[in-house]
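For reference, the structures are reproduced in the following blocks.
The two complexes that follow have chain A in common; it is paired with chain B in the first and with chain C in the second.
Right, the complex of A and B next:
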């Protein structure tokens, strides 16, 4: 009997341990923000630092689980999208309170949505919900049920609520009253912020213990990455959310247990050619750049494996297309990165009349193939990639001139004068839903970089992409949307208006003193499960 | 300090000779990427190891030194000549001419140099080879670097134009260009030398600054600026001593340029 009881106790102990219930509680978590948050109003946040505060303090109706990439209930226990994506109805949790003690109800959701959509507020978060002309309507169905109707359908409507922190309609503390795990207790402008544990936070662990485990968070404003790294190594901070490949190597050399490589991220590095008909380029170059064979040949002449291995020290993957393999649902898994094959590249070029003459590639009219690629100065990785591509292209007789420009000059050439030939840049992508790329793929979009703001699509394949992107945006059926988005990826792979180069890995550095940290590719990589994180006993005691 | 000056001259001669003979001395092309051995330690094939892209660091140091060491003096010569013309004429003319020219010089000096360089460089055509881009960078440096020297030369020329020997030359019938060319300029030589030698390291440093910002000489051509970028952050510095060779060479060369000046030239 005694043995049985001992076994049961042991089992319970193991289960509790597994659930994190015995994780060390208390202490102060410390990390750095690269800049001061521009605002603490969750509806006006658009910079990284403000978004960090929103993630740590804001309570949302539902949350995209950063590990599974699935939507999970938070303040809302269930929801239903209806009316072809115009209406969403939420059932809310009962008996919840804001950090200042005021009660949470459907009134607060209605208030937040009205604030979010207030044109006078200019909320960047609200922009994603602006689908058409007209007012958003909120209908209180009961104390804990609310229906929100937008003027036009919004694809992926439910996922957008991941970014909407619910504010209190009644609290005198206004936006400082929060439903998230922490609240802002102190804000020393330009120096640090202190967040304290929200004792009214609704979540509990499997053992019924109130979350979060850590008592407070200190966020130091630190622009200098070298100092941030030194502080991590010295144990003064607990993690760096995102590090680049060089810093990652440094971390690994200091303490291999600190480095976490979550694999390819959603961010992509790519290059493209200027296809703007009115650009001041000679007509023969415009002919090169608008040729699919030319673009495909350049793509095949680039050794992406080498770019990943050398420029990013092995901390990147050859890219396939507009959607990274890290995006589990939307990535078209039938596609593979374009292989490095200079022979095939030359064959493709010969289809357009290009030929090698004394090691120099010439077009049908005899012009030597030479062009420039601009990139922003100061970005070591892009400069390295450009230099490597320069050598790769010499293999097929092309002379590439690499030009690094300060960012304003680069943007000026890209968006106003169109006085450039090729450009190498990257896209930081926070969103899983392909709707976030509408402003890139629609031919009428300003960010359709290779030929922006077209009145009518310049090519048949661009018209096809327009059609598919609009179709996926106007249907609620996920499988159908996926089908459309897969086709867009296939066209982008065939036509290569953007020559995708690599997807950088999501790298982070985490102190062994921080428990339950499982860095992922989605932002915020390290603290996505902030309410589950805990500090080692010694660290917690000393802070 | 004569011995220090001699060492500096010997060092500059040696380094200049080595980089002039880079085509024969360098074991590999400065641009060739040995992709199997990126960031390698020194070996038989690569005396100073390789950089992050697998390029032979020794070859890049030789060619980079050649670029910086040949073009910085050329830019310095150009800017000193410009300064001599502007400052000399202003000082010799005196009166309203001097005031106008010096006001323009002051205005030029008040411009933010680095931003001006970045702006002017951004306006240049894109499709130029690295060799042309390096010439453009140093020409820009030469064109923008005359103002400080012009002020010094103007003050000296003003003092000389009021001296007895110029009065005597005027009394003997010399005037205008002859007075300027035959009597004034030869006496400005010490200050011109000094300005030239001071400008050389300034231009080397400016190019290095531009290079660190990624706005200097275009890839794959090396310069000290691009070589020093290897050491730009804590994360990239490793305990590999050979990484510091370009930095040591840079410090030694800039110091040597200061040491070659004589006491008189320094006073000038």
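Right, the complex of A and C next:
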């Protein structure tokens, strides 16, 4: 009998815990931003710090659940995509208020969309919605229903609204009036930001308690990662959202319960060769770099397993292609990372007339194969990878020179002078939908790095990718889109304009004092469920 | 009086000319630096070709240096210092927010450095204790050898106030100069005689040792301000102190010409004003004592 009672009590306790009834309210959550937010206007945010503020303060119509990768209703209770992906109709929640008390209605959604799509604004979030020429129409169907019509169909239209923080059309506070769990209460330039709990936030937990649990958030601007780590260990901050492999190992050695490895992230590290016809490179080098056999051979001569194991201390996975295996739906699971096979690499090179002569690889005309790869200075992982690739390539008689440049100089060479041979860089990917990579894969795009802004596709396979990317962007059927995107991944795997190297793991460090944190792969890894997080009783009391 | 005013006016013109030249030189260096006129944001894959072109177009307005400088000076005359490209905010606002932080750091650092440096120098000269001299010289020598960045990191690890690092950077120079100056003064014949006749230490110091060293000490005060300003850049950047040193570091990394030109002019102005003020004070002290 006693055992039964104990079981019932335990069951009630677990149920209460799950419902949040026992979550500690109050206190101040503390973590660091790596730089000062460039803007607090949610429509213009493009840097990490600004996006953090948007996530913590902005109310969105729907949100991609970072754990399940599924779309969930937020300010909109329901929505419907129609007109072959051109129109989306939202039904909004009633009786909601912004942080300053102004009421929320369909007018605010219309205002936000009109602001967002203003061509003069050049908003990165707005640009993701631009699929064709023409104006966006907003139609107020009632106080809480609105239809938005875009000039052309947009694939994955609904998921794009995850990034759109709704602004008030009427509030005198303009973008500072928010619908999210917190609002910006203080901004000490270059030092810190204080966010306070939005008392008008609409969400409640299962027990009926108003969310969020934590009263305020202090975001210290801390560029120095050593100091950030030190502060975490001392208990001055509660988590580090994104930790690199070396610091992660330090965290694990200090307190293993603090480290969280969510597995391969969406971000990829890759290298590519300059294939710009007008670049100031000798013509024989241009011939090398435009050869598929050459690129494939380089790819096969690189030991990705070693890059993951040594450069990233085992906290990375060999990469396959433009879509990470972490992207559950869109990844083409038929593809595998290119194997490390230097014999096969030499065979491929021989098809193009390359041959080994006294341990030095020479092309058909007798030029020794030697090239340089630029990467950004100060990124020790890229520098390590470059050194390891240098070592790998000596195995097939190639001399690689590694050149580190600061970021502005690197971008100048990549986008203006095209005075480089190869480049090693990474892509930070925040979105699951492959449409977000449209500006990389279209041959006419500025970010088609190996040969940008082509008037007509330079190769047949680039023309094929253009066709497939456009086809997936104008199709609503997910299965059909997946088919197109799989083909793009296959072509990218075969042709290797980008030689994908590794997908870094999503690593974070969380203090045991922070409850209900479940770090995930998608950004923001730790605080994606910010309104559910709570602090331990002692920490909450002391702050 | 008239002569004094004309001298001051000449000095002001000299300072203004050097500041303007310093600004122009700063702008030229930024303009010629590789990577000028590019923005990291261009690599944002969400941006359309049109937005990237607009971003690039915005950078080309600063391409012609002479035109840029002329427009800049014209704007300054109207009270507009321009807008920071990297932080997307008016430069005047950024300076107003961050200047107090740097002034606080420099003020505290200089107060610490002068109190410690001058006190030790006086104690050594007055006591003539070799062990004190050896200890203080070793401390100053060690601090001189340690790079500012290492000192800053040590303070961060020790959770000590980072502002004191500035004081420790300036301290060895103040200590060594003032110790040498005071030692020279104390070995003057009349001081030796006064000491031999049993004059009290305090009177000896105030009336016979400090006055001959005062002009040089004032010159050192001017130099110490510019030393502290120069040290503030790496210290603020490393210790994440939100002052103009940190701002200058970010501006240099981002090739932010509007911000850099203003910061160059401010640092030049502060250095010149501090040095000129100490020179003037030294001269007046000299004249008064003569």
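One rule holds for everything that comes next: the second predicted complex is superposed on the first by the 525 of 543 C-alpha atoms of A that agree within 3 Å, B and C clash if a C-alpha of one lies under 4 Å from a C-alpha of the other, contacts with A are read in each partner's own complex, and residues count from 1 in each chain.
Here is the rule we go by: a residue touches a chain if its C-beta (ideal position, glycine included) is under 8 Å from a C-beta of that chain, and two chains touch if they have at least 3 such contacts.
Note that this is a predicted model, so its numbers are computed, not measured.
K.L.:
Could you look at A:468 and tell me whether it touches chain B, chain C, both or neither (first, second, both, neither)?
P.N.:
The answer is neither, since A:468 touches no partner chain.
K.L.:
Between chain B (first) and chain C (second), which does A:398 come into contact with in this model arrangement: first, second, both, or neither?
P.N.:
In the superposition, A:398 contacts neither chain B nor chain C.
K.L.:
Classify the contacts of A:488 with the two partner chains as first (chain B alone), second (chain C alone), both, or neither.
P.N.:
A:488: touches no partner chain.
K.L.:
With the two structures laid over each other on chain A, which partner does A:226 touch: chain B (first), chain C (second), both, or neither?
P.N.:
Touch status of A:226: both partners.
K.L.:
Applying the touch criterion given at the start, work out whether A:250 contacts chain B, chain C, both or neither, answering first, second, both or neither.
P.N.:
first
K.L.:
Does the superposition put A:409 against chain B (first), chain C (second), both, or neither?
P.N.:
A:409 contacts both chain B and chain C.
K.L.:
Tell me which partner A:188 touches in the superposition: chain B (first), chain C (second), both or neither.
P.N.:
second
K.L.:
Could you look at A:116 and tell me whether it touches chain B, chain C, both or neither (first, second, both, neither)?
P.N.:
neither
K.L.:
Residue overlap on chain A between the chain B contact set and the chain C contact set?
P.N.:
Common to the two interfaces on chain A: residues 226, 230, 405-406, 409, 412.
K.L.:
Contact residues on chain A for chain C in the complex?
P.N.:
Interface residues on chain A, with respect to chain C: 36, 38-39, 46, 119, 122, 124-125, 127-128, 130, 188-191, 221-224, 226-227, 230, 405-412, 415-416, 427, 436-437, 439-440, 444-447, 453.
K.L.:
In the complex formed with chain A, which residues of chain B make contact?
P.N.:
The contact residues of chain B facing chain A are 31-33, 35, 38, 52-54, 118-119, 122, 126-130, 133, 213-215, 218-220, 229, 233-236.
K.L.:
Which residues of chain A touch chain B once you look at their complex with the stated criterion?
P.N.:
225-226, 229-230, 244, 246-247, 249-250, 306, 309-311, 370-372, 374, 377-380, 383-384, 386-388, 390-391, 399, 401-406, 409, 412, 419-421
K.L.:
Which chain C residues qualify as touching chain A in the complex?
P.N.:
It comes out as residues 33-55, 86-88, 94, 97-98, 101, 153, 156-157, 237-240, 242-243, 246-247, 253-255.
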